[in-house]
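For reference, chains read A, B, C, D, E and F in written order, and residue numbers begin at 1 within each chain.
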């Protein structure tokens, strides 16, 4: 691990995340109101989508774009299969399917933090990776719900198959829709649009990411507390929350190596594989799979995997990518 | 003032649009929705603190003076609560006619 | 614990300051105001989604243990509801004295 | 549907975490918290308009069907209200079991 | 219609408005919380007012300022008369008065979008047009309420004449007050003030306009759905919502031509005439004229006239202005 | 008083504060929603803390830093003693202790307005004054609560001594925690961090301060109205609210003179001494000292002292500092 590891540990976004963790740990009453948190999260999706679209508009079309996007969708469809069959025996079909959907999908904020990590280290990355992220949000939800439908013991009759609802929850989910829409608008307006929006979507980006991560630190630590009161199963969940990102990161790494991706894009693919959704997927699952226990899938993803990826994962994966490529 | 039932349902906010549709189908004369609440129940604490709203509740209040419609509302609410969790309370009230 | 009436009024948020004044004039011992609600009633759906708040409701809760004051409150609320729409429910309750 | 008490407490928002702890200690089966309200009472108007939330209220709703627990909740709420102000109302209700 | 028409259709603000329309059309759960929408709208009023005031401070005083402001107030007083007498027979006094107030007043966001349309086309416009907009917000409310008082059949006794309330609703309405106040402060602090606030009120303007229009797209499409469920009267209202802006735009055009306004100012006057209020006036009418049905005046203005002006109106009026002036 | 006095009166932040006062005076329905106000206030604490930390990282270590911080803490501990003993006889122990805590602590927004006053006049000031401010937030709370415990008549048994709670309310209070945390992060990341956050924490600062002061103007005027309905005691409270800042300002001035602080730092120390908390301390007191009447300590601090310091105090203290130093 090189100096970027320490640079990451002292980057403002990460330090504000740590400040949030600390605030909830010492039970400070520091609090970001829900609608403010929503505004910050809408901003991040809007900005990363738009920037990705603009980047795409100036670099689209090569074979590498195509293969990367394909690899991303493949990963997002395979990971849930593995997770489901590994966990079904212990957790039951509903919870296994929910974990599959959660870990097959991605965390936009982890991705965004990785891009700012790369920017800080002046490593270049491609705009189409944002499209890859957007494309990876939904497939795992569908795979997870289909697996549940097939393997739940209640028989087909008992589990109502709401295909329309399922597609709605997957693709029309607010976060997915905003990212895809902003991506399309960024693509359509290109550098002309960027000239108009740059002060908002580029200049303020890291600052607003800091404020958002401050909030997410508070929320993540509260979930850790809740989990830690959960008794026996907690340790197993925590272990899963550390194991799965490492496993999936390794899968992403292998794929990146096979595709010959550059340092930046490879890291981003690894981060996408390793990260788990705690915004779009849980929101969809509460509607489509209420049988699953949110403290399993949301708790693990938000309280364990998310902080792990931010603090340890990103620099670790980066070191591994460098070692593999060199 | 007309006697009526005051039905109060606490449920996850994500379910609100579905419940609103169910209420209309059941013939509810109207409802009021308070769309941000937190709480604690059988499924643990719901802090209402995530940007995605995954842990946020909401509260419906329905005034209804036709017993038959009250029945239908209850019948629509019950399976929703079984599936998604939540609480439903019914109180006697007087409805001011204006 | 003292018996009292629990009066609950749902009305457009823009009217809230006027209703608060009317309640004071009527001698209400206090009120609680939840200032963001949406809903549906005779005048259609009010989504509470406009930046100007034009389709937002609010809810007053008034505990009152003097029958005469309850009467005055009702008399103040009734014409307001007739003019601007809304709903008023009255419930029997016990008021914890501390 | 099971008879129960519906307990409603309006208190300053800053006190909410303490009251939530007290409710749990008293054995409440759950609660719902509406965390932004304004109002007026013995201690004047609380407008709920300061960024620090110093003049903001909140409202707890607790459904409870065990008389003994209701007693304990009331006993926990009473001194809190004496010290910090606020209001507590208790209503008879029916709790929909699902 | 020249290339600006297509430039408008692919400008980020308009595309985000379309994204909002689409989100509500396909029933995505994308949602801008109310307080966030309020923040965005406060920002736009604050920024446009302040910028207008600064512009005014460096160019005030000429005859053209005076005549333009006079023309604006004249338009805002005459339009409601026409609307009222045209609609009274069909809609009754209350609804006709409400439509009169709504269409006599203006939409600040339509105005703002027109200024960014001009900026994109590098057409200059004068700061005092912001003052014109601010001055046009209130007169129509007063005219509408007076007309209602005179022509309602209940007799004078039945319609309480709350003159104090009426003036309060008209001039102390939050949006009107904020625009006028920011205008005055911009005027008082001039370029010195602008140097301090530029990063907020100028650099971020288009970006925040995009976010606000995304929200307004969602809201407008929901109102269209509600309207379309309304049955027979809907078609007539939709027709009105398209006809009135064209009529009033033509009136604005005639006046601009008589005053010899330049291309930019002429377009803005036309847009002010053609636009209808969906923030300030409905808020005032709910208090002062509760007898009127908001789904008529607010529905038509928000769901029909506002999208029409944004998407078709502005470039259309611009083409007409060019043709008239050339 | 020199031209800076008039420059202050026409600075955008002050004018927006005045606009807020006016809005509430004429009962306009202009309103900043609570969560938006909270966002603005979080932003100000975040930005001033971070900027202070960065400044500290490049200038730390001298004797003057040490003595200034010491002087700040001394002031924040002595002032409450004076206030308490002066007011105990008239107001009783609880209210006197609350006033002591309120006036011993500081108003971050008044401080921030003073820094922008200095910046506008191109007077330099040191980053460690932000640390001084952060350090002055809490001591007065502790002193006030201890005094109450000692001098309340109920005897020790009746006043539960919640030492843990007291420290929590003092140091883990959300605002104090955010300022101290941001200060530490600014210090840790230094100019590298500043390069990333500058567009948010520096460029937008004055603009967002304007919006926040607009809101505080509304809130302050509402409190003045409430106070003015309060009857006889009001005049005495208003008088206190004007007297205390002058007295404490003079104490700060004396200390600044003894320490030989420069013009900028001297003014800031005076402003810190003269200002009273209306965010952190009242929030802490509601929990720790509910026996005290908030309309005394919060009303006086928010409705009298805060506007007085902003409008008259800052330029007055500045004139005095200049006179003393020259």
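Here, contacts are C-beta pairs under 8 Å (C-beta built on N, C-alpha and C of every residue); 3 or more make two chains touch, one makes a residue touch a chain.
Bear in mind the structure is a predicted one, so any value in this text is a computation, not a measurement.
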| item | value |
| --- | --- |
| Chains touching both chain E and chain F, listed by label | A |
| Minimum number of chain-to-chain touching steps separating chain B from chain F | 2 |
| Chain whose Cα centroid lies at the greatest distance from that of chain D | E |
| Centroid-based (C-alpha) most distant chain relative to chain F | B |
| For chain A paired with chain E, centre-to-centre distance based on mean C-alpha positions, whole Å | 41 |
| Averaged-CA centre spacing for the pair chain D and chain C, given as whole angstrom | 19 |
| Shared interface positions of chain C, touching two or more other chains | 14, 34, 36, 48, 91-92 |
| Multi-partner residues of chain E (at least 2 other chains) | 29, 31, 34-36, 38-39, 199, 203-204, 283 |
| Every chain pair in contact, whichever chains are involved | A-B, A-E, A-F, B-C, B-D, C-D, C-E, D-F, E-F |
| Residue numbers on chain F that touch chain A, as the complex places them | 34-36, 38-39, 42-43, 46, 50, 168, 172-174, 177-178, 181-182, 185, 188-189, 193, 196-197, 199-201, 203-204, 283 |
| List of chain C residues in touch with chain B within their complex | 8, 10, 34, 36-42, 48, 57, 59, 74, 77-79, 81-82, 87-92 |
| Chain C to chain D touching residues, read off their complex | 1, 4, 6, 20, 24, 29-36, 61, 63, 91-96, 98 |
| Chain E to chain A touching residues, read off their complex | 10-12, 15-16, 19, 22-23, 26-36, 39, 120, 199, 203-204, 206-208, 210-211, 214 |
| Chain F-facing residues of chain D, complex | 12, 14-15, 18, 36, 43-45, 47-56, 83-85 |
